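Comments concern the structure below.
Letters A, B and C mark the chains as written, and numbering starts fresh at 1 in each.
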Amino acid sequence: MQELVRVENLKKYFKTPLGMLHAVDDVSFSIKQNTTLGVVGESGCGKSTLGRTALHLLKSTDGKIFFEGKDVTNVNKRQLRQLRRNMQIIFQDPFSSLNPRMCVKDIIIEPLKIYKVCKSKGELEDKAVELMSTVGLSTRLALSYPHELDGGRRQRIGVARALALNPKFIICDEPVSALDVSIQAQILNLMQDLQKERDLTYLFITHNLSVVKHISDEILVMYLGKVIEYAKTEDLFARPLHPYTQALLSAIPVPDYDYVQKRVLLKGEISSPIEPQKCCRFAGRCPAAQEICFKQEPKMVDMGIRHLTACHFAGQVNLL
Amino acid sequence: MKKSFKGNSKLVKSSQSKEIAYRLWQNKAAMAGLLILLVYVFLAIFADHLAPYGFDDQDLSRRFIRPSAKYLFGTDNLGRDIFSRIIYGTRISLRVGLISVAISSSIGTLLGAIAGFYGKAVDNIIMRCVDVMLAIPSILLAISIAAALGPGLSNVMIAISIGSIPSFARIVRASVLTVKEQEFVEAARSIGASDLRIIVRHILPNCLATIIVQATLGVAGAILSTSGLSFIGLGISPPTPEWGSMLSAGRQYIRDHGYIVFFPGLAIMITIFALNLFGDGLRDALDPRLKT
Amino acid sequence: MEKLIEVKDLRIEFASGKKIVKAVNGVSFSLEKGKTIGLVGETGAGKTTTALGIMNLVPAPAGRIRGGEVLFKGEDLLTKTQQEMRQTRGNRISMIFQDPMTSLNPVFTVGDQIAEGLHLHTKLSALEATVKAQDMMERVGIPAARYNEYPHQFSGGMKQRVIIAIALACSPELLIADEPTTALDVTIQAQVLDMMRNIRNKLNTSMIMITHDLGVVKEICDQVAVMYAGQIIESGSLKQIYKNPQHPYTEGLFKSLPKINENTERLIPIKGIMPDPTNLPEGCSFASRCPIADKSCVNIRQLSKEIEKGHFIRCMKRS
């Protein structure tokens, strides 16, 4: 399989009155075509910023982004327009991500209008019908407005809009977090079907570990802007190496009566990513932290077949 | 299903505007407002046929006649029929009010949208200029502009428009700032929409409510500002009737002959009232979220 | 065991324009002292409205309680005056809300906000109230030294602890928690749930836990009531519901969840969406989405039947 997207040492800093906020700090990953890379982490870990920077919605501070082997880090306006045809995004909030003053059909065909893909009005209409049936929206809703529909249908509109230009790569920013479980399953199935049919590649951002396990081939765990573990899904869940990943996995409440889990309760809460110290960013909450963790930043090391983790005691700590 | 959808492509387009019209039609208050405005327009067009007297028929022998069957709204200090003057006044007042608001709202919206959308230096430059203009009372500003341009109807309209641009720019900017933070704007950017498209298609429609409310209030302000300018000789020169100047000219007789100011005032009030009703209805009709 | 609270056939409606939204349609359940019941369901199932009904806080004039009884230690709360209810709310029954960001008043210190309830409902002196409030803070895991800090100095998880401290300050007999951990991150949620469990066991407080997260219910509840379209469609002990779900909706909920402890290639969603609450069907409201429903389900009103001791379902196909 071919590599579609590669990101090398990507950084995104924001200027704040208190100093530089390291939202994304030195993140590298690559995604093969027709696979899904899941990005997990708690709020404020920089996962959404990562997605938006990769999509050029935010300008990166440093690092490189490759798409289909080409360096697309610094593109001009025209190249960016072409790039956007191939890279799309699905947003978290199906309420605010749709313009309340546009009807369903207009929202879906807007990308086609912008890129002047269709020659005639009739072709546009055909395309709208086709897209709506692809995502499972009844065509009688074409003239409805977003506020008249439930969350699941709205999210389908968002998916249809992202698909309109036939992109190769879609960034999914918490696409099911705002949905109820029964609807969440509908959308997840739809996204999996679309991936198979259209050979899509996903960057799937979420805080929900069960969802990310279900949909991803590989997973990136982030903490305060840093990647702390990067592995194949099976490996990560079978043998989490970083103490944060271990704590995260143990904290999920599992709705299974017989499932007993050992719980690692972390002390304190996530600290601020503004002007972080040169040390392990998790050290302050880590139950296994030692002196070196507060003094030196751990490097990413490969602990097996593409199972990377950034911990001084990788492979030696097991909290579970 | 595919066929019916395709076959209706024209209908689809027009049905949206049709729907807005229908929702407006359903709104009784808005229709009442529109009816009043239409009556005014009718009066303005056919003033020559409708007014019982000329607007400048002075006759000192019939000064200060109270409202009666012959002189519906009475006569003023020069013996002119107030009813006729109000009908003729519709021409000027309505025109000044509507046109100057049209000018100031479009320029103000444009400036506010640009400032709010681009932020940073652009915002700073535009808004500081606007602040400077706001620091000068708008009537004073209008006076100086009118003085520079000289008297005359179109100059008055220009002067008044410029004077009320700052308030539009401020309000639209504030509104744009909140709308632009919403995710659908980012979504538009991610599908490659240009800045112009984002502003026109995505941001401004969501600011309409604020703009419409400010515009209806602006009409009242414009009519009154005209009278101010006329009063100091920079506006419409007498004897051309205009509601604002009728008000200010009649002020000295307010104690004994209240009707001289009452009826022009009433005319202005009804206009604003009608505009407000219609504006509110339009705002609601344009908002698909209020569709029932 | 004595029943602390017993809700009988509670019905709540909202007027929305000309339509009537039937938010709660005959909800009945009871809770013993010291136990926790989980009200589970999706958006619009009527969980929060049920809770507001119990507190007699249904927002008037749009909302109206159309019938039923809420017996709290044998007294019907729905017949009490607002004056009498004020003495009950915050004192004997407390409620905590989902959003920790907006539930606190930004201009008062957190300590004063915890002590406020004590001033209202007890005869403690100012000093005693402060001591009690500090004690509450320690119990929910906040150092008492932070008494004089303001809400903006607290993180989300800490704010939720403050809110829990406010709710528990007067040692209420019943605590209603509306999605108390939904806005929190998983690791923080684990901390807060752990703390709530400890406090509940220590103070012997009964709890109604409203949530959409079946995992959270398993963590903290003894009993479960699954709500759908304003009705409890299945209820029973935690074990009964989790090991032996009988209603097709409950089954569907469990099947549609991606599991962390097993591998599923494909999820099994529940088809369709919840019916319009202004236009509920005559019979079973789940019929249109149900895999085992037939024509009779649509027309016949489903009654709650006990299929094993303490396990009730509203489904004629399965009972």
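As a convention for this text, contacts are C-beta pairs under 8 Å (C-beta built on N, C-alpha and C of every residue); 3 or more make two chains touch, one makes a residue touch a chain.
Computed from a predicted structure; not experimentally measured.
Novice: Give the touching-connected groups of chains that are left after chain C is excluded, with no other chain moved.
Specialist: Minus chain C, contact groups: still one piece.
Novice: Which of the two pairs, A-C or A-B, is linked by more C-beta contacts?
Specialist: A-C
Novice: Measuring from the mean C-alpha position of chain B to the mean C-alpha position of chain C, what distance in angstrom results?
Specialist: Chain B and chain C have C-alpha centres separated by 52 Å.
Novice: Centroid from C-alpha atoms only, then distance chain A to chain C, rounded to Å. What do you get?
Specialist: 32
Novice: State, to the nearest whole Å, the distance from the C-alpha centre of chain A to the C-alpha centre of chain B.
Specialist: Roughly 49 Å separates the two chain centres.
Novice: What part of chain A is in contact with chain C in the complex they form?
Specialist: Per the stated touch rule, the residues are 42-43, 150-153, 180-186, 188-189, 192, 207, 209-211, 213-215, 237, 247-259, 263, 265-266, 269-270.
Novice: In their shared complex, at which residues does chain C touch chain A?
Specialist: Interface residues on the chain C side: 42-43, 155-158, 185-191, 193-194, 212-219, 238-239, 242-243, 252-254, 256-261, 264, 266-271, 273-274.
Novice: Spell out the part of chain B that touches chain A in their complex, as residue ranges.
Specialist: Chain B residues touching chain A: 1-2, 5-6, 9, 12, 15-16, 182-184, 186-194, 197, 201-202, 205-206, 286-289, 291.
Novice: Mind pulling up the chain A residues that touch chain B in the complex?
Specialist: Listed in rising order, the residues of chain A that touch chain B are 52, 55, 57, 80-81, 84-85, 88-89, 91-93, 96-103, 105, 110-111, 114-115, 121-122, 125-126, 128-129, 139-140, 142-143, 145, 147-148, 158, 161, 164-165.
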